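First chain written, first letter: the chains are A, B and C, and each begins at residue 1.
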Amino acid sequence: MSTFVLVHGSWHDGSAWQAVISQLEAKRHQAFAPTIAGHGKGVNKNVNHAQCTQSIVDYIVDKDLTDIVLLGHSFGGTIIAKVAEAISTRIRRLIFFDAFVLNDGESLRDNLPFPTQELIDDLVEASGDNTIMMPFDIWRETFLNDADLDLAKSSYAQLSPEPYQPFIDKLDLKQFYSLPIPKSYLYCTEDNVLPQGEWGWHPRLSSRLGLFRLVQMPGSHEVMFSNPVGLAEKIIVAGRD
Amino acid sequence: MSTFVLVHGSWHDGSAWQAVISQLEAKRHQAFAPTIAGHGKGVNKNVNHAQCTQSIVDYIVDKDLTDIVLLGHSFGGTIIAKVAEAISTRIRRLIFFDAFVLNDGESLRDNLPFPTQELIDDLVEASGDNTIMMPFDIWRETFLNDADLDLAKSSYAQLSPEPYQPFIDKLDLKQFYSLPIPKSYLYCTEDNVLPQGEWGWHPRLSSRLGLFRLVQMPGSHEVMFSNPVGLAEKIIVAGRD
Amino acid sequence: MSTFVLVHGSWHDGSAWQAVISQLEAKRHQAFAPTIAGHGKGVNKNVNHAQCTQSIVDYIVDKDLTDIVLLGHSFGGTIIAKVAEAISTRIRRLIFFDAFVLNDGESLRDNLPFPTQELIDDLVEASGDNTIMMPFDIWRETFLNDADLDLAKSSYAQLSPEPYQPFIDKLDLKQFYSLPIPKSYLYCTEDNVLPQGEWGWHPRLSSRLGLFRLVQMPGSHEVMFSNPVGLAEKIIVAGRD
């Protein structure tokens, strides 16, 4: 049985994994879902990428979790790469789940297609506080394209504004790219949050991992809501030895 | 419950949707399948793209259909874009189903890879009457790759020559690209009618829609024959709010 | 009922098809799985591509098999193209199954991305006898990404070193590209042995076939081990008229 640590993406907090954790536990795995610093409702959003990373490192070290399968979703991929550098000996395998895999020296924003960069920049400016709120129509059509309107609405109600600074911090990832930790990339075939093709998640970002295990499933960027049962099964496949 | 208007592609007429309509009606939706001008057996094939569009506009207006989900298959994508310009207030959502999405000022032919252009040109010349007949081996291997030979034959018997003029008419689509109507792209993952990759349906053509909902299903370009049950389910997913 | 001849890929011998053959026979097809010269355990690995081809030609002629559906997996695609040139009248259809389709004058190695060429070259040098042994971590993560560790291990135990010379022989394929034999390409959507995208199996290699039938299924490069039931079903779909 494995110990999973699931790191959420932007606009989310750890509660996004609730249904997935129930499924993993039902199959006698352990699973933890920390909330990244500056994420969740009613918290101080003034954080940078290093603080985000440190909050996950602290969670794992405080709980003294070892031999973990560490999964990062979306933005969470940038976090687990840096967490792996900090506490590599605690990690059995990394799973990048529709996640950013940055080249050394890049920021998340550097990996967005130009129209998305513009959209993000407009939203940051509109916020007045260096955060990004998710517009509902983008959530409904692009993030939860496989869900009905009710689920799109109820999941949207769980979101909170995303701090912008971690999107633009350039990451030193030289150590990450020398770590011998096994890696998987889990890709949902209807995920269009990064537009499929030239700027897509896979194979553009996955291929940066070098040797990795590809796992795919049908569904959107947010299958933790639209298909938690199927997602849990694929996390197990991606995470096993 | 929704009102669907299903616009067929080249070589077809409205009867292609018969099994799909039965499925949609069984789930208590309304569905209509007009035949585009110049299409179907035994009719005058001397039509241009504007006449094709007008015939669908007339059908919808004559029946006074409102709040419709308007779907276009293949060539039908070029029709629904122009229909949407003409009667935008009657349309709740557009679904492009393995369909052409033309850039402003382009023709359908402009969007074909060069070998397909050559093939089409040869077939037009062979026809002697500015139409294109579908060769059976292309139908069987490329259009109905997921069907058995019997279904390939029986569906082939329903086809009729396609008028060529609508393929080469250049379309003014400036208004279309400013319409606020929600859009979906439904893509069959084994559709190889446009060769997958650089010249494929998705993401090459889908991405022109801007914000759109991606829905995928297994199957060929002609799943209305090979899998009408599955297609109806995905049309409902693509068409819901 | 069809007669299938299944030509294995690198590191394998004919025994790789055992479970698939059982499935095909259960559906009242005939199926044969010859071992390519220089392949299998304990044999002389000093062969070139022409000798590999000749061994399959001899097998088919010796058994006087006619009207066959000839399938090549991976490296086996380079074999069936040359077998088809030699005995075209015995072949009803060709199936390329996650297989190399070489351009006239090319070698298999010419079709590998540069990092894979380098890896292969290192393994050849390490062998000391002009063969390539499969590293287990690559087998487990890249070839059998859809299997559990036990299956990855048991299937690995069936492998033997691959002769290198057939990878670098340049093939004259002018005749192949003029043969009127119908062709199918069967692609597993999680096959990452050739990295998906620019250097992938499909559509890069499949599209060289000209008119062909595309058939897809979920799974890895080695679904003959991880899903022989599903593979047999898709071989039947790819191989029917």
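To be clear about the criterion, a contact is a pair of C-beta atoms (placed from the backbone, for glycine too) under 8 Å apart; a residue touches a chain by one contact, two chains touch by 3 or more.
In UniProt terms the chains read A, B, C = Alpha/beta hydrolase.
Just so you know, these numbers come straight off a predicted model, no measurement behind them.
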Statement: When each step joins two chains that touch, the fewest steps from subunit B (Alpha/beta hydrolase) to subunit C (Alpha/beta hydrolase) total 1
Query: Any idea what the CA-fit rotation angle from subunit A (Alpha/beta hydrolase) to subunit B (Alpha/beta hydrolase) is, to the nearest 5 degrees?
result: 120
Message: Do subunit A (Alpha/beta hydrolase) and subunit C (Alpha/beta hydrolase), two copies of one chain sequence, contact each other through the same residue numbers, with over half in common, or through different ones?
response: different
Field: subunit A (Alpha/beta hydrolase) and subunit C (Alpha/beta hydrolase): spacing of chain centres that average the CA atoms, whole Å
entry: 37
Query: Can you list the subunit C (Alpha/beta hydrolase) residues in contact with two or more other chains?
result: 189
Statement: Note: in the complex, subunit B (Alpha/beta hydrolase) contacts subunit A (Alpha/beta hydrolase) through residues 182, 189, 202-204, 207, 211-216, 237, 240-241
Touching residues (chain side subunit B (Alpha/beta hydrolase), partner subunit C (Alpha/beta hydrolase)) in the complex: 137-138, 141-142, 145-146, 148-149, 189-190, 192, 195-197, 200, 218
